[in-house]
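There are structures below to look over.
Note that subunit A is present in both complexes that follow, paired respectively with subunit B and with subunit C.
Now for the complex of A and B:
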């Protein structure tokens, strides 16, 4: 999964898509995942990172991550594979 | 290393130029207890979903309404509108506060009697009274509110063979400046029908015209409509007195005061827009006091307020069954609360609160019920935090009409619990069971003999 290049995100969760002019609000976990995606990490790597850091069970985390990525895809923020 | 508190990742699109109707919410309110009892504890004991009635709120609301009228008018009598919520425990609380009973069917009438209400403190309304009902009501000295001429003639006929005299009032419908006009109940004021009915009653030997009644509609957003209605009834009372030298004992203004719920499509929340008891009381009592009725003959003011008295005292607790994404990426939740038990979700944008601390992030969410039907929507669109499966939600202001209009569908209707003023819980209606249904059903003999499932 790769984020479109050029997408800008600030520390406080404001994200801007220059292709469409749309902007978004993200919470901290959202920002973190975007950063990991920008760094080219795979879903498995992201899951491992978050699991280590947060108090959350594997299945919830997995469910939430895929839901989040589905939203990124819905907003057309991902490179077409 | 200690792990950090987790919050699920959220992304929300910022819609420029389309400010949210309610602006940004600073903090998501949580409703974790009802009258000091944790919501979780209620569910552990009585299951989910579960209706809860607060004795404290019920009594306080009644006393507030009563005070608004008593402080402005010498003779006031409330009659509890059974159809609004006829659970016995609820009715008895109102009777304990001094309310009479207002009923609209033989079933409700018998329920009022069984709750210890004497016949002469029952107001019998509605278009559906059987001859048996009328006979019983006459004999018990109840107040019979006549809805149409067919009923009036039935009464004249029946009262020839009964004692004592039937105590009757007529229900009057009228133009109060509001839309829609409720002209299907009672006799019309403007076209003279109400006056004709009064004349016919005054000529009937065994009928005593004791009152004039109206119920101008429900969820009336303007108190002024009541002033118009009270003036028109007062005018009829004065005219009756002039012609027959007969004074009307009471004027019954029916129900219809708005509760603090928000109507669908309303721009502002109901709690900011609906008139107060004082507003309604002011409009009605001023109209009566300023009418041409002689001060020493002022009729008793009857009120049949329903929803505005009980709505706030009722809560519905439910739980999240699942989180979903719709095909358009909208967030949706399935609750175990369906429109069959929350009938008022067809009229109201019910408030829904999480019962436990949750994420401060909200998403525009649709709340569905568990019925396998498209109409089963509790909220089309609500800014709501993400809750997990099993998390609890509380819907306030559901005391009116839900526990009477609910429908049994695919599962049992839930428990209803009363929290008393000493914070004790009492089960006041049991969840249904398979046994309850089996008892109502009959299987023809020929279907009992065979094995139902052919091998």
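Now for the complex of A and C:
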């Protein structure tokens, strides 16, 4: 999964999709995941990174990450969505 | 470079919640670095806000509605031209375009330039012909039918699934969920805009618009796509943002190349969630949101004036994505003496 190349995101979590004109507000974790996606990391790599950093059980982490990615896909923000 | 002094007449000064394109066109011309315009406002009504806005219109003349007859209409234009020595007229309202297109040669004889679509271009893209237009030029257009009688409406059930869009000849559109609603809207629209009324298949999706300018030889001089962000109850954009959509630009360039479109146009397109693009309307003129294109780097009013004067222009090759416009309403204070002058003398 890769974020579409022209999607712009600022440090404060404001994300702009130039294809549709839509914009989104992300929380800190969202920004972190987007940055990983932009860097071309796989879902497994992102899971490993987040697991190391946050005190969270595997099931909740996985569920939340895949929910978030499904939402990105729903809004047509992913390259191969 | 010294700016060229030009006398430019502009219609559509009705800057209301159903805004005409006149004021944004004038703002574009005023910001030109090639033209130093003297703006002559042409107003149909005494209370068109553009007449009273400071720093935009240098002189306003009242003109009669074209429906009163083209001879009377042209007499008035001749009178204004005798006084103002017009170089260019930019008509901005759908209902007056036919008259201006028909009068192109006569105006040219008076030294007044226009840059409008040909009569053939104007008619083949009309709402009632749009479906055939799409088939001719290979563009998806929702199935539509012109309706001129109650009998036509009864036959619709065999050809359409509800809901359908019911559209006026020039303006206004309503979504109808059954035959009774179609009849209601048919009566409303035909009494306001005349016949035919157009019934169109309803396509679900996001509406996107493009303002573009064709040079009449197939070249796209300007094209800026926009998505409406805030829409009034009349369906007008009260806020919008420029977007990056290569498909929209390709559709626009193809259309201008195939039709050799002359002048400005606004394409209204529905983009479905499946990524299909359906052309729902072509307005053969500058739209009211054109100032967004100016702000994004393509001064379309300026380019249109230069084309009208016969200049060769290089196409704009970029625009800024993410530029936004937000409209607002504002109370101006006028004086009865201004109103009196316009009402009694027909000019201000």
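One rule holds in what follows: the second predicted complex is superposed on the first by the 80 of 81 C-alpha atoms of A that agree within 3 Å, B and C clash if a C-alpha of one lies under 4 Å from a C-alpha of the other, contacts with A are read in each partner's own complex, and residues count from 1 in each chain.
Heads up, the rule we're going with is that a residue touches a chain if its C-beta (ideal position, glycine included) is under 8 Å from a C-beta of that chain, and two chains touch if they have at least 3 such contacts.
Please read all numbers here as calculations on a predicted model, not as lab measurements.
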| item | value |
| --- | --- |
| Which superposed partner A:24 touches (first subunit B, second subunit C, both, neither) | first |
| Dominant contact partner of subunit A by residue count, subunit C or subunit B | B |
| Subunit B versus subunit C as contact partner of A:6, first or second or both or neither | second |
| Partner chain in contact with A:55 - subunit B first, subunit C second, else both or neither | first |
| First, second, both or neither for A:65, with subunit B first and subunit C second | first |
| Subunit A residues contacted in one complex by subunit B, in the other by subunit C | none |
| Residues of subunit B defined as touching subunit A within the complex | 3-14, 16, 325, 329, 359, 361, 388 |
| Subunit B contact footprint on subunit A (complex, rising order) | 15, 22-30, 32-33, 50, 52-56, 60-61, 64-65, 67-68, 70-72, 74-75 |
| Residue ranges of subunit A in contact with subunit C within the complex | 6, 8, 16, 18-21 |
| Residues of subunit C that touch subunit A when the two form their complex | 206, 226-227, 229, 240-245, 321-322 |
